Amino acid sequence: MSELTKGFIRENPIFILMLGLCPSLAVSTQVVNALGMSVGVLFVLLGSNIMVSLLKNFIPEEVHIPAYIVIIATFVTLVDLLMQAYAPSLSKSLGVFVQLIVVNCIILGRAEAFASKNNVKDSIVDALSMGLGFFFGLTLISLIREVFGAGTITLFPMGSFDGVIEIPGLVNAPIRIISLSAGALLVVGYLKALFNWLSERPAKEAS
Amino acid sequence: MTSTVKKAGKLALICAISALLLGIINSVTEPIIAERKKIELQNALISLIEEGTPGAKEDLAEGIITSRYPIEGPGGWILDMTGKGYGGDLKILASYKPDGTVMDVVLMDNSETPGLGKKAEKSSYMDKFRGKGGSEPVPVSKDMIQESPDTITGATITFSAVANTVKEGSDYVKTLGDK
Amino acid sequence: MSYLGIIITYVFISNVILSQFLGLCPFIGVSKNVESALGMGFAVTFVMSIASLVTWAIYHMILLPLGLIYLQTIVFILIIAALVQLVEMVVQKYSPILYKALGIYLPLITTNCAVMGIALINVNSGYNVIESFTAGFSGGLGFLLAITLMSAVRVQMETEKVPRYLKDAPIAFISGGLMAMAFMAFDKALLNNLIG
Amino acid sequence: MKEKIKITSSPQFHHPQSTSSIMWTVSLCLLPAGLWGIYMFGFRSLLVMAAAIIASVATEALLGLINKDKTVSDGSAFLTGLLIGFNMPPAVPIYVVVVASVFAIAVVKWTFGGLGANWMNPALAGRVFVFFSWTSGMTKWTLPHPGTIDAVSGPTPLGSLKTGLASLTPSVQGPLDLLSAEGVPVSYMDLFLGRIPGCIGEVSALLLILGGLVLIIRKIVNWEIVVSYLGSFALFVWVFGGFRYGTGLFTGDVLFHMLSGGLMLGALFMATDMVTSPLTSKGMIVYGIGCGFMTYLLRFFGSVPEGVSLAIIFMNIFVPLLNRAFQPEKFGMIAAEQEAGK
Amino acid sequence: MDEILRIFWGFLSTVLFGGLLGLGLAVASKKLKVEKDETVEALENALPGLNCGSCGYAGCSSYAEAVAEKKDDDLSKCKPGGPESLAAIGKIMGIEVDLNATRMVAYVHCMGSNDKTSRSFEYEGLTDCNAASLLFGGSKDCKYGCLGLGSCINVCPANAIEKTGDGLVRVKPELCISCGKCVEICPNGVIRMIPEDADFIVACNSKDKGKDTKAKCSVGCIGCKICEKKFPEAGYKVQDNLSIIQYDNRGPGRADAVQKCPVKCIIPYAERKSNETMEVE
Amino acid sequence: MKRLNTFPKGGIHPRDCKEASCDKVIQNASMSNTAVVPLSQHIGAPAECLVKKGDIVEEGQLLGKSGGFVSANIHSPVPGEVKEIKNIFLPNGISTPAVVIEMQGEFSRLGKAVPSIPWEGMSVEELTAKVSEMGIVGQGGATFPTHVKLAIPKGKTCEIFIINAVECEPYLTSDHRVMMEKGREVLEGIRIIQKILSPSRTVIGIEANKMDAVEHLDTLIKQSGLNMEVMPLQVKYPQGAEKNLIKAVTGKEVPSGKLPLELGVINANVGTCLSIYEAVVEDKPVIERVVTVSGGAIKNPSNLKARIGTSFRTLIEDCGGFSEEPAKIVAGGPMMGFTVYDLDTPVTKGTSGILALTDKEIKAARQTACLSCGRCLSSCPMGVNPTKIFKLIDNNMIDEAAEAGLMDCVECGSCAFMCPAHIPLVQGFRTGKKILRKNAMKKAGK
């Protein structure tokens, strides 16, 4: 169980491992983008972790990095094509960052650090943990940025609900800079400090 | 040496499988993507006119106007135009009566600032243009609109870009006459 | 767009780090002292310029004619990975000094969003070959500028009494945020006014 | 003799100035310009200034409490608040002022460790933060109305210039001409005395210059920054400023640009914040020239009419680098190097 | 048909590309093999990677290099790594390492809090013991005790030292990583390392003559030798007017000496560990 | 008017506060009943004690013998009985053994006329031996044993001999008074050193706030046709610091980390010259010196000639005691001097002044964080970056601080004087240097 939850705080990929920062910042202007991105990442992470750990004995040492890259890029392209076909507006607002999942350090980092050394089951747990941690982090950032920066929370349109929750008071005069690039960096900075504090606390309590 | 070739071969094999897989997926999704794009455009075009149907696309290279669609039925045109906004190009679709009166405008792709220029994506933003361009001029500066200049404070550039583009379209439609 | 326009755009207006969020991992990781920041900055500039050229060529000469755009991601990333390896070997072989200065940063570049990001942006913007190169080069310059400034700030912060949990990475992010705010002085309107 | 006598390290006596005396002296020198602003723009501007000062000082007190560091009395938070108030339009919503102050003190100053640790000017960063967030609230100007109660809004000279330039007719010879054509005529005297719309504290060039001179004489403000900033800006305006009016090189209206906007406030009181400016004279001169160039660039080409705040915080980024580049020359180093060379 | 052709082209070009790449890399990696010493790499993995510098090297990897190149034969220099690192390093270098050595922790050998010691002047200046000790050895009349300004707190990488609030500092043994930095920085040498399982402590550092100590501090060791003489087997040794307790010699009478000490400067360690205050009755 | 010479970089202009005592003729101070004579009144190894408790000593008898190459003899300032030898703290915060002598018996010199010894015929070796024997140490503040300074190593020559008569420390006027009242003796002392060093040029550097001394010495030199010149200098602290004085006089910079001899320069303080005169011509060891007693809390600021070992209390009482409660008692000048808490602290060879400063004078204020105002940089005469070095030391980055120029700092205090944040910069540098020394010793030990 702790393997699965470690990604939330203790080994949160964004805030503690500090990987995959670019997409976290770039697509976190709206909650819906963050959700979409997280799902994409989770999918790629799962797929590539499974493949890498399955093929770890097949892939020769000298070419293991290119091989991982090919595997990951395949899954990314899959996600990209599927999103374009079935979620075009999401695909548009995520822009090049879908394709950039490929370079995104988490996946490479995890493939190298974990999947290539472990069996399929552990790799899946790890992928889930990291993916959920990423999901958690990204949603947190986007929630803060959207609420303060735009005064709204944008989700999926469902039925008569157009997907946008407006925060009274903020929506008319949001702190717009929070939704811009400067705000993203500031928000992540303070969240990182918060996570530093959180991740140090259990150690203290234990002792 | 053989082991080197073998290693390269293994990588090639992985590449091959990937390429094959993606090729197949692509052949499935490509038509869907194309179809989606077409429907999206069609929906946008239909939403711009109250009656009649949009005709076939005709590519143009008249300044900012990239293509036009005749409105079959009552006549008039839908223009596909590109304006220069605050954050870059604005893709604008606008429908006109044959006399140049604006029926409707919609802002498509853009990279304006959320909360400022992005407000122009809302349909209500275009109220100030609807019905203008014929007898009344298209408002191109803040002073020319009475109701709610509030929506454009802090986003004058976006507003002028949209307004000037819509106006240019109107002028262009006027030159086409009743064709 | 004119070449000057491209340079201003990618160095200031759409700075890869401060406004596009590309290459943040090395930006935070390698900006602890000025020397390595400079090394990383030059290495990125170097690789980004070449990668822009090569990916342009591959895209326009192979992928586009053969209708293989769906292989873009996979091909680009492989090219960049190979390129970085190649550059590393070439530099090591022909310029040990340069290798000493930049070599250790090269492996970090494969996993750097900025290189791949600029390659993708180039393709999406429909640049010609020289424009692509210029964009790649100035994207690198923008990275160099941002990471150098950041490293000087961080070195200065090392001897300030920064609250404990804000030390290091958080302070780097927040400083980056303040920098991004100042860089907002440069916007597209300024570019338009400046070069017509 | 005292029960317990003081034991300290040398030196045993000290220059009379201290951090707090400096901060309070600067505040005092700013006071006349602030009072002028209140006189010109009415009661509301007093409210704005008070809100800025109270919010800054309260934030400082709170964070000082958390960090176990009593720093309110050093006056720097008061000064930051005062300067934020100075940099606000009279009609700005109060919450904007409060956010600017809290951002300045909490984010820009205390995140880095409080007084002296920040590398960006808190007041200006606070202003820019709210400017980008609530652009419209930050660009609502009030016409000067000394003595009367009701405020009438009107554009600033630089703002009108910006709109006017967009549809320039060829007959206009310069900014003053253009402003008359736009229907908001001003004279150099209006600008000099401060009978124009603008931020509360920035309008009176006269009073700001007087205050600044006092500080320069007391060596609180570094003349290097002031001279290189104003000098380089004047030079750029003079050489290139005429282009927009089609009058060619060397025809820019230097006086107009020197007296308008927040330039005097910025150059005398804000670019000179010692915490966020370089340490050595050479560094200060380079920094000043950078500020001058950036102000010119943003005023003439930027999308916002006023470039001073952004110019200064942009140059703040370069200060740590400038401090590395321009170190003092060590005594005996020249000789030592020669020795080594031999 | 078109579709299939395209898939074929994609297939072919990617295969070619991948093959060439693989070939290139495989060849290159052979040619550039000697890059990194395996031992160094293994050592780096065995070290915690904190780069704290407590080993005396620029960072973990330079220590690893020094060990690998046999420039340094002390394998236990990485204190933060603890026994695990030590064992791992030992294994790599083929040396058996004693894992059973008790952990050492720092201890501040002084109980002279503000109310128990005399002072003759008011010190004004840097909050730093080394700075204060330059001026008449600090404002406490006892020149051996803790100045309480916390130079040690500033250097401790583990945040293991805190001020007590009454002019002294104390080490939280559970956080101490035995790096010894505090011992080194303390101008008065009042911090010494003791084993984690210490039973008793002589909590004083004064080498002044008994009379002088008594005049300056109410809990200072006066070197009366009662502990040493009355309990000769208990492992107390008085040197330079100061009783030193020996931890490898814990003979009978150890605890009785605590009672007999006239100034009560011998205290049980366990008690000190859990108690916040300095009071020992 | 021709601009006077000075050093170009850095320096400050504190109020000189010399008016209180600069016209006061040197008076003989009282002697306390007991003299406390520390065995380490100089830089270098302490002297080895030659007496023990109960010994009867004469005025001028050797108490301590030079304890190494860099060390100096210590003589008894008074006749009497050795009561004890105890450790005391000197104002510089260092603990040292001191001989406590209870005054009794007859003075062999005091009040007696001594014949002058003709020195022209003595050889250089004889002269240096005399300087060494009489325990002369520099009186400019550093208390470096003078015989060591005068023994020029082989291969080096002294081109220029500079007499440091700058007295740039505020309040202090002892050198000034010595020049006014003992001009002839000082010049004679300089001639003795000229014989030892045979420099091609001899310059007496005096700051322009002592123009009367400039004129006085100039007249005396002209009268006797001596081969030396007086050079008035602009008033700027710390002109008296060796390297800065050399820069002001010769325009040359002593390289970082090197001695003035590198440029062929040697310098000595006026008081040192007087001591040499007394040692050689009057055969008198260093048993007394001129001390300025001043400061806002002193009733009658004066210049006193005091025996070594006299307590500060005695001197202050000679000046009428305190007029108000002092905030600090300082040994030396206010810029480089040390505070003391014990009025029984004795006068030593290096005590140039005793100041009792009031709260109003010291301008104390709460320390705040550094404002990066740069005042410390622009005031530093050594061109180092005090704020940077201080912050590095504050963060335990001692090696980096050393690299940034910590060892170039002469602890003149200009930076800390100017610092509006009232940061004790100099204390930080001293601490840094201490730790650096400790680390170096540990390294050497290993």
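Points worth noting:
Which chain is which? They are A, B, C, D, E and F, in the order written, and residues in each are numbered from 1.
In this text, a contact is a pair of C-beta atoms (placed from the backbone, for glycine too) under 8 Å apart; a residue touches a chain by one contact, two chains touch by 3 or more.
This is a predicted model, so every value here is computed, not measured.
Fewest steps needed to get from subunit E to subunit F, stepping only to touching chains, is 1. Comparing the centres of all chains, each the average of its CA atoms, the largest separation from subunit C belongs to F.
Among all pairs of chains, D-F has the largest number of C-beta pairs in contact. The mean-CA centres of subunit B and subunit E are about 68 angstrom from one another, to the nearest whole unit.
Between subunit B and subunit D, the centres computed from C-alpha atoms are 43 Å apart. As a whole-number value, the distance joining the C-alpha centres of subunit D and subunit E reads 49 Å. Residue positions 60, 62-63, 66, 70, 73-74, 77, 81, 174, 176-177, 180, 182, 186 of subunit A are each in touch with at least two other chains. Shared interface positions of subunit C, defined as residues touching 2 or more other chains, are 70-71, 74, 78, 82, 160-161, 166, 171, 174, 178, 181, 184, 187, 189.
Residue positions 4-9, 107, 113-114, 116-117, 129, 132, 135, 303 of subunit D are each in touch with at least two other chains. Listed in rising order, the residues of subunit B touching subunit D in the complex are 86, 116, 153-154, 157. Within the complex formed with subunit C, the residues of subunit F that make contact are 369, 388, 391-392, 394-395, 397. Across the complex, subunit F is touched by residues 158-161 of subunit C. Residues 135-136, 139, 303 of subunit D are the ones that touch subunit B when the two sit in their complex.
Against subunit B, the residues of subunit A that register as touching in their complex are 29, 55, 58-60, 62-63, 66-67, 70-71, 73-74, 77-78, 81-82, 84-86, 88, 149-150, 174, 176, 179-180.
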